[in-house]
């Protein structure tokens, strides 16, 4: 019986295998026809859906590519950071892409490792910091600037008497998906510094969800914090942010958004929003590359002064829901960062 | 006899072959069952009786042939007509007795109090006391049977099938059951029951059907068949099973040394009830000590305590003079003691494993190289030595009950244990196997093995034991070997506590 | 506090009750996780389109039942291993939700329709909280007061008994899987409608915890509800503890598991008497 | 008796191929290319082949752990945590003993992983043996809890201050298993399943202890009353199962990631269960089952990277394959029974 089925199935299997191999793409053909189009790959360490910053990066790259007639392929890597390296490695191994663009503080080290194996592969990493003798191009946003501004705003909100949702406790909250290095080394300290600058004696209640998608747990955490006197929370927890917003809406408290314009998400609840201009950075850097001006190993550090991170003030919703006194105080402090008179470290 | 209007059930050329094992359980059986009669179905273990009953009760559908129920073929009719009391417990352990009784394909809510009253009325009427609130898993074998009986009567089934109903009953209980069956017959109901025991069949049955190897050997009124004929039809030989091996007069057993097993002041309570009360006994090499009783009257607890499963509240168990408390199954086995449990398919064998694997616990297959090779060749030899009908690589659950017990007994006696604890060894065995088993036990005794026999079967108790003690409501009484006490009536009364009533 | 604990326990209770039905019928329902997620998704989509709570809940139930039908297809029609079939559904559902939302909403993974938040709340209380408790009571009544309940309770234990009584155990099993899809549907609806948003992956292991709760509650309705509450209490405590304990938050995330484990152990120590039942496989 | 199980699974594999091809044809704009990337492309270069083989090695180890515990009647649902524990224990060992020569250091690291995984599973085993604590729940709860603790260790006390990944400091070069198919992580560890699988097959089928273990698994009550030491057979197989998971964890560390990075288990525990079930709970089936599984995962990863197959569609295909593959396993069983 077994042998019979084996005999029957084997030719079938072989046939299908042959068929599959014959499907192999004949990629080399285009190379002969004169001019070679530049091929770019965007590697998203996560998923595009629901991650506006990655969407902005993708958008920026595509805009530049469209202008210069380059091809773009976007690949989503999923949430498991352990899988990113093998995936980028596989992209590089294909030797099809002239430049791989990605965005995450952890990507430079991964790309540098891959560069050791494929020295010809070129990389551009947004959100990545430079090291000495770097082999990949990096572009770093100042999270310290941004979190400071949001912290300062949070301090103003919690000490305000004009806002209905603000109480007398000088407590503000910070919810993170996980305790990752960027969070612990830049965002949390910057945020705390900002809070203390606006509201001396203010404190930051920092809590962690454990993942980036458990919105229910995020909501429970936020509820607890609100019950304990927190009146505004900065949430940096991916999809789970939504739970914080729902909790704040229920409790009549406030949420700060971090990296994209978040006012629309829940008007009146999202009281303040930062932005990281990943689209502009991606566009500019890709453009540079396509013009042959991007050097591997180069790096840009972009803070509030350079205009790549900022607190969004020019929103109708912001103006409607935030009292003028707070807005003015924030502008004052933010301008110090914008014009470079205040330097954080 | 053939009054067509009285026929409730008719089998026409019924054949059943099991696809998985290829076993032909029933072959071309045709017979009629009439209203208000008691029909006994007899046959050896594995003859196909139970399968036939499954077919009749609508539990299985026959592979070939048909079963006509009042002229129709509808299996639903069959189920409505027939109430079956299974041999193996077929109840949901987690449900109460009441819930097990009312479980059925009907729909909707039920009113517990109403149903309880209804069922209590049935119990009252037929004198079948049983606490309806007990969980089925707490029931003893006779209680399980009673539960199914109550259901059949409550459902007003016209045809009752009882699969070896007396296997786990004491003599008195069996007699009560037969009285009930006769009464039901009087009420116009039909009863089919399976049995091995010729004497009880001759006592109550109107007609007797004999099955051998799945084929109907004969069916006739009781008067037309002699025990000798029945036995010949059953086993296909012209030998009447010998009377129970007579308890020969034996020389005095040396009871001066250290007893192999000594129980001292053993006591056990369960949920506040005193189940065992200051049990004392000593067992010496070369004797069979029979302990009679009713399962629920403490015999089960004695078994559980002796096999190390339960810990007594008070008292000690001494093996070869040494205190072995707390006793565990592992300790018991490490002391070389053998144990033939009443619950064969759980404690005595692993039904899902092969025969060889079931024998492997003997640890007799020393040597080098592949254990599998050694085990299977050894097991094959063992199986043929002990005339077990099966193959080494056959799963135990595919063997007949008698063969499983044969395997267990042979295995437990293989190591010449100093002590054998054996509980209900002949449950569900036909008389040939039973005889064989009894002579095995007697021979083991001759070889100097001390045997503690726990049994509800009076005949077994009387014929095998050198000494007998009876457990009544948790207390142990020794029976004197006198004309007056050493007989089934005295012991039976002792067991049920009727002597004190 | 009590309301908060009941609130976060509600999806768990609903899913666990559904799982309990299949468990009693003799099937380990690994697919709860996928069922919850699919239903949470359907609830938000339909709730967002129609603004109707009833339709949203119906859609969630529909999605749960659909996943259950798939489970039945794999397990009974194709005679597959329920564990692998369940895993398959848990892989399949999240992917399907993303594909569907891509075709409906473009590239959005998170769906936050207007006017959905608070839709399931009446007078400050989420209606799913009383609903879950009501269903628990109802289930207890079904188990102990209806004939069907008897059948379900004996199905996982003694299939032959059912056959002997003229009932097909396989159809009971299929039915219970569908009911568990229904319950998981409610669980998903409670999860996403309570927040007014769908987030990919938002079931976040609730199906697994629900399974654990079934065993922890000794496969009885009150026990299962208590187990869910216990877990939510532990989680609530851990959430609060992040605010005042000097212990790193990530470490605190492990507390609910260890507390539940400790509870399980204590119950077992207390309960252990005679162990004479065979182990055997639960999977195949 | 030497009949091999897997040939009978060939028609099923063909069916799986067919169904995935169908899905791809329906949803892909360039189905030919996608199909190529999904299946044969895995063998098209050293990286893909090596990664697949590496996954296969790891999965066959965790699958073996699952089979072993299944056979003894235990259900190890805590594979993920055990793999993770194994990895972190190896990290700790590398920290504590930084100065060993590589030839000694790597075995020490592996041993640490084995011990870690074993210890975690041992707790469940001993709780089952002593108090009849359900192993299915206890392995799951312990694993989930311990995973959070390890997450904490990696992001906290053990974290690499120089890295933006949630990871520990990378292992020194000498503690890494050299790749045999650069740039893939495929390394010498492939020897381990080649040794361990036959060893355990032999153990289960050709030693008394193996038989006793399986009897305990099929009827623990019979085993108890027959005087088998059921306590050991309830504890030890689960412990060894944990040890194998721990080994896989240590191998992931020393052979694949070289650092205790969060998420390095990537489903090894869960997929081990699937592999064990696909293999029909038989040791000889493990390698082909692991190969099948690794191929599908690698194929869908490549297809997502290089064709227009989306992440979701890859997952959908995997899900559908799950629905089919186990059904097939059962069909084979029925056929063989007759």
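Think of it as A, B, C and D in the order they're written, each chain with its own count starting at 1.
By definition in this document, a residue touches a chain if its C-beta (ideal position, glycine included) is under 8 Å from a C-beta of that chain, and two chains touch if they have at least 3 such contacts.
What you are looking at is a predicted structure, and each value in this text was computed from that prediction instead of being measured.
Engineer: Strictly by the touch rule at the top, which chains does subunit C share as contacts with subunit D?
Structural biologist: A, B
Engineer: Weigh A-D against B-D on C-beta contact pairs and write down the one with more.
Structural biologist: When B-D is set beside A-D, the one with more contacts is A-D.
Engineer: Based on the averaged CA atom positions, which chain is farthest from subunit B?
Structural biologist: A
Engineer: Roughly how far is subunit A from subunit C, centre to centre by C-alpha average, rounded to an integer in Å?
Structural biologist: From the centre of subunit A to the centre of subunit C is 33 Å.
Engineer: Averaged over CA atoms, how far is the centre of subunit A from the centre of subunit B? Could you give it in whole Å?
Structural biologist: Roughly 73 Å separates the two chain centres.
Engineer: Using mean CA coordinates as chain centres, what's the subunit B-subunit D distance in Å?
Structural biologist: 47
Engineer: Quick one: which residues in subunit B touch 2 or more of the other chains?
Structural biologist: 346-347, 352
Engineer: Hunt down the residues of subunit D that sit against at least two other chains at once, touch-wise.
Structural biologist: Subunit D, residues with two or more chain partners: 148, 151-152, 155-156, 218-219, 221-222, 224, 310-311.
Engineer: On subunit A, where are the residues touching two or more other chains?
Structural biologist: 47, 178-179, 210
Engineer: Considering every pair of chains, which are in touch?
Structural biologist: Chain-chain contacts present: A-C, A-D, B-C, B-D, C-D.
Engineer: For subunit D, which residues are in contact with subunit A within the complex?
Structural biologist: Within the complex, subunit D touches subunit A at residues 3-4, 7-8, 10-11, 13-14, 17-18, 21, 30, 32-33, 35-36, 39-41, 44-45, 47-48, 51, 148, 151-152, 155-156, 159, 163-166, 182-183, 185, 257, 261-264, 266, 301-302, 304-306, 310-311, 335-336.
Engineer: With touch defined as at the start, can you tell me which subunit C residues reach subunit B in the complex?
Structural biologist: 145-148, 150-151, 153-154, 157-158, 160-161, 163-167, 274, 276, 278, 280
Engineer: For the complex, which residues does subunit A have touching subunit C?
Structural biologist: Subunit A reaches subunit C through residues 47-50, 55, 178-179, 205-208, 210-211, 213-217, 219-221, 223-225, 228, 239-240, 242-243, 245-246, 249-250, 265-266.
Engineer: In their complex, what parts of subunit C are in touch with subunit A?
Structural biologist: Residues of subunit C touching subunit A: 4, 7-8, 11, 98, 101-102, 107-110, 112, 117-118, 191, 194-197, 199-202, 204, 235-236, 239-240, 242-243, 248-250, 253.
Engineer: In the complex, go through subunit D and note every residue touching subunit C.
Structural biologist: Interface residues on the subunit D side: 70, 73-75, 127, 131-134, 136-138, 140-142, 144-149, 151-152, 155-156, 216-222, 224, 234, 270, 273-274, 277-278, 281, 310-316, 318-327, 329-331, 334.
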